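Chain lettering (A, B, C and D) follows the sequence in which the chains are written, and residue indices restart at 1 in each chain.
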Amino acid sequence: MKIQVAVAGASGYAGGELLRLLSGHPGVSIKTVAGASSAARTLGEVQPHLHSLADMVVQDTSAETLQGHDVVFLALPHGASASLAETLGPEVLVIDAGADFRLESASDWGQYYGGPHAGAWPYGLPELPRTGGERQRDRLRGARRVAVPGCYPTSAVLALAPGFAAGLLEPRDVVVVSASGASGAGRALKPHLLASEVMGSMSPYGVGGGHRHTPEIEQGLSWAAGEPVQVSFTPTLAPMPRGILTTATARLREGVTAGEVRAAWEEAYAGETFVRLLPEGAWPATSSVVGSNHVLMQLAVDERAGRVVVTAVVDNLTKGTAGAAVQAMNLALGLDETSGLPETGLAP
Amino acid sequence: MKIQVAVAGASGYAGGELLRLLSGHPGVSIKTVAGASSAARTLGEVQPHLHSLADMVVQDTSAETLQGHDVVFLALPHGASASLAETLGPEVLVIDAGADFRLESASDWGQYYGGPHAGAWPYGLPELPRTGGERQRDRLRGARRVAVPGCYPTSAVLALAPGFAAGLLEPRDVVVVSASGASGAGRALKPHLLASEVMGSMSPYGVGGGHRHTPEIEQGLSWAAGEPVQVSFTPTLAPMPRGILTTATARLREGVTAGEVRAAWEEAYAGETFVRLLPEGAWPATSSVVGSNHVLMQLAVDERAGRVVVTAVVDNLTKGTAGAAVQAMNLALGLDETSGLPETGLAP
Amino acid sequence: MKIQVAVAGASGYAGGELLRLLSGHPGVSIKTVAGASSAARTLGEVQPHLHSLADMVVQDTSAETLQGHDVVFLALPHGASASLAETLGPEVLVIDAGADFRLESASDWGQYYGGPHAGAWPYGLPELPRTGGERQRDRLRGARRVAVPGCYPTSAVLALAPGFAAGLLEPRDVVVVSASGASGAGRALKPHLLASEVMGSMSPYGVGGGHRHTPEIEQGLSWAAGEPVQVSFTPTLAPMPRGILTTATARLREGVTAGEVRAAWEEAYAGETFVRLLPEGAWPATSSVVGSNHVLMQLAVDERAGRVVVTAVVDNLTKGTAGAAVQAMNLALGLDETSGLPETGLAP
Amino acid sequence: MKIQVAVAGASGYAGGELLRLLSGHPGVSIKTVAGASSAARTLGEVQPHLHSLADMVVQDTSAETLQGHDVVFLALPHGASASLAETLGPEVLVIDAGADFRLESASDWGQYYGGPHAGAWPYGLPELPRTGGERQRDRLRGARRVAVPGCYPTSAVLALAPGFAAGLLEPRDVVVVSASGASGAGRALKPHLLASEVMGSMSPYGVGGGHRHTPEIEQGLSWAAGEPVQVSFTPTLAPMPRGILTTATARLREGVTAGEVRAAWEEAYAGETFVRLLPEGAWPATSSVVGSNHVLMQLAVDERAGRVVVTAVVDNLTKGTAGAAVQAMNLALGLDETSGLPETGLAP
């Protein structure tokens, strides 16, 4: 019998992507879709690209609606997941695509999000390596609660983790600059997200360490390094619907060679389906990962500046959110880790 | 055993989309990919979004390379398919995504394309209805040669065919205006296709009946109507990678009511998976069909002008080319018509 | 002494474009800018591209604020202009960029806008020709009230008027399909105007004669023809910030030749600075008019269909709104008609 | 009498922008436009947005064509300017928008461009401050040879120079990541510049210190600092026609406060028309500078990481190339420095 799933937040962009992927997952049956302002409308109205689900009716998001499923996906604004999760039994797999359970540090939570810290769940970034050989994957098998990483952290942490895990990088003066498509900012009506404002324009936001993904990036890289890592992170908004391009750079430890650097990254991702270091000479474009669960990256050692520069691309809605959620479900339930996840992007 | 297929023209946009769909088709094995200038390179280099096929090497396009397959897809510039097709046995299913075998009229061919007319193959638009009840689908079952429709004709013909098949429309003063994403113009280097020229701009081309798809639209509508239909067709280039929005309008015959019009369209597509008349009040956007094999349309009767206006959206590379090719393969080989074809689009 | 002007609606897109043009007009001093929700903010905050005006503070829109100017520009939602205009003396030049005073027919107003009909002012489309030789320009010299045309009608009416003025076209089965950039829909927050929805997508709206610009196009073409003209008009939304591409087509009267057609258009616009028929073989792109006050067009006679097809491009915010307003001011006040109006577009 | 100017490279994007600005300059007469492949065509064909210059005919680029002008602008591929400049008398003002005369270090030239080093001309970045109080402006007054800065260096150098000039920043671990619109890559036909490749996608290029603008950024910042500065620079390609968003970050020297940082930037640009530090809380968007000669920037001190982060926007074709060239002409000839330069951008 198929796995019965519910998706809360079905009318947002993350919810829509979850439904796109789940509708193609061979082992899954989408039993319930829930929303807030979209309740009582059909998916055909709110997600008109989900042709095969067009007649499903959106339910209210409530504890009642979400009962009776094997898996519940929460794609809600931060702060909304904890109370819903409490109503779901420990045997139910709850996968939170929001921020509530990502940060282990209550003080970071308080500083960046405010309000009470709900705690931390296993972190849904299976490929993340660590000094000593552990991977996050090990913590996801059999889990019944999973926090899906933020889209920026997915790209930034995977970009630099191999160097930290291998002890090649200095833990200070790490700089990350990312450009994201507009869907990363969600579907709420905000003046700076109007098409006329975004098309043909780039702009920064949350500069100077203020973006909420900063402590999450530091947490991921610190876990990889086994010591605290400090990051300067600047996110920018790019005139495209989807995709993140992250440029991440760190100082090499004294004496580290370009060969050692390349070898560390190659080794870290050699066996991974969804994370690939490109052959030398090729550079990643976000168009190569749109709609897919892949992270592509390339690196260069800047001998002059003594730094490694890694550029990584990811679809913020797929591997950056919904694809990671499905991948985590596969791992937690013991399915093939790649089941239901697109092997190709959509280009051009 | 899986169906062994070859794709010629693997480095173009149509070829890339064919490979994307075929790589997800449960009954297909991609045995050979062939190209011209890309020969000897890997697909990872020329189609970097096809992650699971990244290591395949592009072969030269030649009669030898294309031997020994159950199905050969040709995605080549017009004029190149006929000679290759002749080298393939009658038991091989040959599906031509180019123009060579679309037009039945040798004089239209001569006027719009020039050179000798190669002939006409069964036309790969299964949903096309006709006065009397026939559909093109009937001609595709068991076929071993199929001509895939042009992307504009797919949208324009499906948009108006129900009205012509039902005898509701005048065969003159039909006007079609379409906007297409840039991938419709192919991957060749042309100054007007540079990103800086296209982004933020719209422009027409082939105005005044000169576009090669004009006689093909007329052929399709005439087939539906059972009498000659004359069309004024204007294609325009829109600043997006994929998608066609077609506005098609025709004069209603004397006395035809709005109710009759809606009923004709509803009936024509009631049983179709890939062609849908939207509920009243909803309008189609190309973003709802990107990456999917669907055509969405809506119509309105303009009482003032005595005309019906139909707007239809299609992904020029999927239902407009590669999806139609796979659908035709499914029909020709007796598979489920929808096999391997995405049920959802990719949005936003 | 310079002309003292006020601009109401300064925080919208039309208001911003008015201020951009007026800040470069050698004879004008911008004395007052007024807004609604933006009142008390600086222009630097709400129109950050107007560097030289960054410190101006937006005033409340009220009769008091607008007193004491030589010229008052109103860029307000329809329905708001009439009551404000009444408070301004007859010696003040009032230029309404909204719809309130465009339509001469009270019944059209009632059907398309609803509410009481405020009346009709001289129509700010100076280049519009008429059978017999008159132009709208004649009605604008010395005027103290001017209605600025809608952006779609500017393109559609100028596209076909020469043929109607010369008696070459049938007044029925006229079809107009336009694609507009998102700024044409204004700066209000609407779900379908979010960047993620618009980028990479085209969609229709107001199909079947329902768009408010339909009667205005018919009014303009009927004025040119000297007899009632009926139009099927379909507007679509394109993924770009600015610009309109209009495809307009009409049936030729019996016996009209291609040469007569071309001659009529050439003659109509031979002496015009801002409206140009391109040399044969060249096609207009919206990128050629962005930021300029120009309309570029090209035509083709489709012998097969017996129709003329005209494609015209215009910047919806410049010639389509704010540029036309400044041009009308120049004419009304006896200045050089081109004063303060950009002679070039901004490309790429 | 007006200044007689010639523009070589008139059919490229930089040439087109030069002509746009010069056609609006009150003291300038455009006497000659020269090109290579576009010779003998009209500007109307190759730069269709320059309506007032549409009938000018492009001449061959040669020493003869360029004789007899007061000012000659060269917008040519690097390597082409030196030999042409030699044929022009010392009384002629020659402004090179290319790279040939930007770098003072022959070894940097050799490493990044190859071939013989032509030398260095006064650097056309008037606002660039230096420790001790000097500005580049001082070197441009009365000059007869000027090298226009690269577009990336303009943004990056102006972004960080105030901190270096004031001695607040460490000269190592400076990181610059920039996103540029596609026009920055020029008008030559290259596969990765096709619209279908660029739209909806971001990609890096020249990673790891390899981009030719790296030594130029270091040169500018070193001049400001009075000591060698080392920079890690990563340029990326964004899906928009124009504009650069640069994120530049450097480590603060021990004990430097946020107040000192802000004061240094404010003071550096207090009297500048074209370079503005935005009020606190406002962030720059490239759409605010498109078509204008302005650089807008904002900064934040990241206390956690001990770094300053500056984001700056510039139009790569205006202040980044053609506007800087006109500004340099104004300074060299003793005109008002802002003459002919747009005071507003074009938005949305």
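The definition used in the following text is that a residue touches a chain if its C-beta (ideal position, glycine included) is under 8 Å from a C-beta of that chain, and two chains touch if they have at least 3 such contacts.
These figures come from a predicted structure and were not determined experimentally.
Contact with both subunit A and subunit B is made by C, D.
Of the two chain pairs shown, A-C and C-D, the one joined by more C-beta contacts is C-D. In this structure subunit B contacts its sequence twin subunit C using mostly the same residue numbers, the overlap exceeding half. Of all chains, the one whose mean C-alpha position sits at the greatest distance from that of subunit B is D. Per-chain CA centroids place subunit A at a distance of 46 Å from subunit C. The distance from the centre of subunit C to the centre of subunit D, each centre being the mean of the chain's C-alpha atoms, comes to 36 Å. Looking at subunit B, one finds that residues 13, 181-183, 196-197, 199-200, 239-242, 284-285, 287, 290, 348 touch two or more other chains.
Touching subunit B in their complex are the following residues of subunit D: 13, 181-183, 187, 189-191, 193-200, 239-241. Residue ranges of subunit A in contact with subunit B, taken from their complex: 13, 16, 20, 23-24, 44-45, 47-53, 182-183, 199-200, 241-242, 276, 279, 282, 284-285, 287-292, 294, 296, 342-348. Here subunit B touches subunit C in the complex through residues 172-173, 175, 177, 179, 181, 196-197, 199-205, 207-210, 214, 230-232, 234, 236, 238-243, 245, 247, 249, 251, 283-287, 290, 298-305, 307, 309, 311, 313, 348, going by the rule given at the top.
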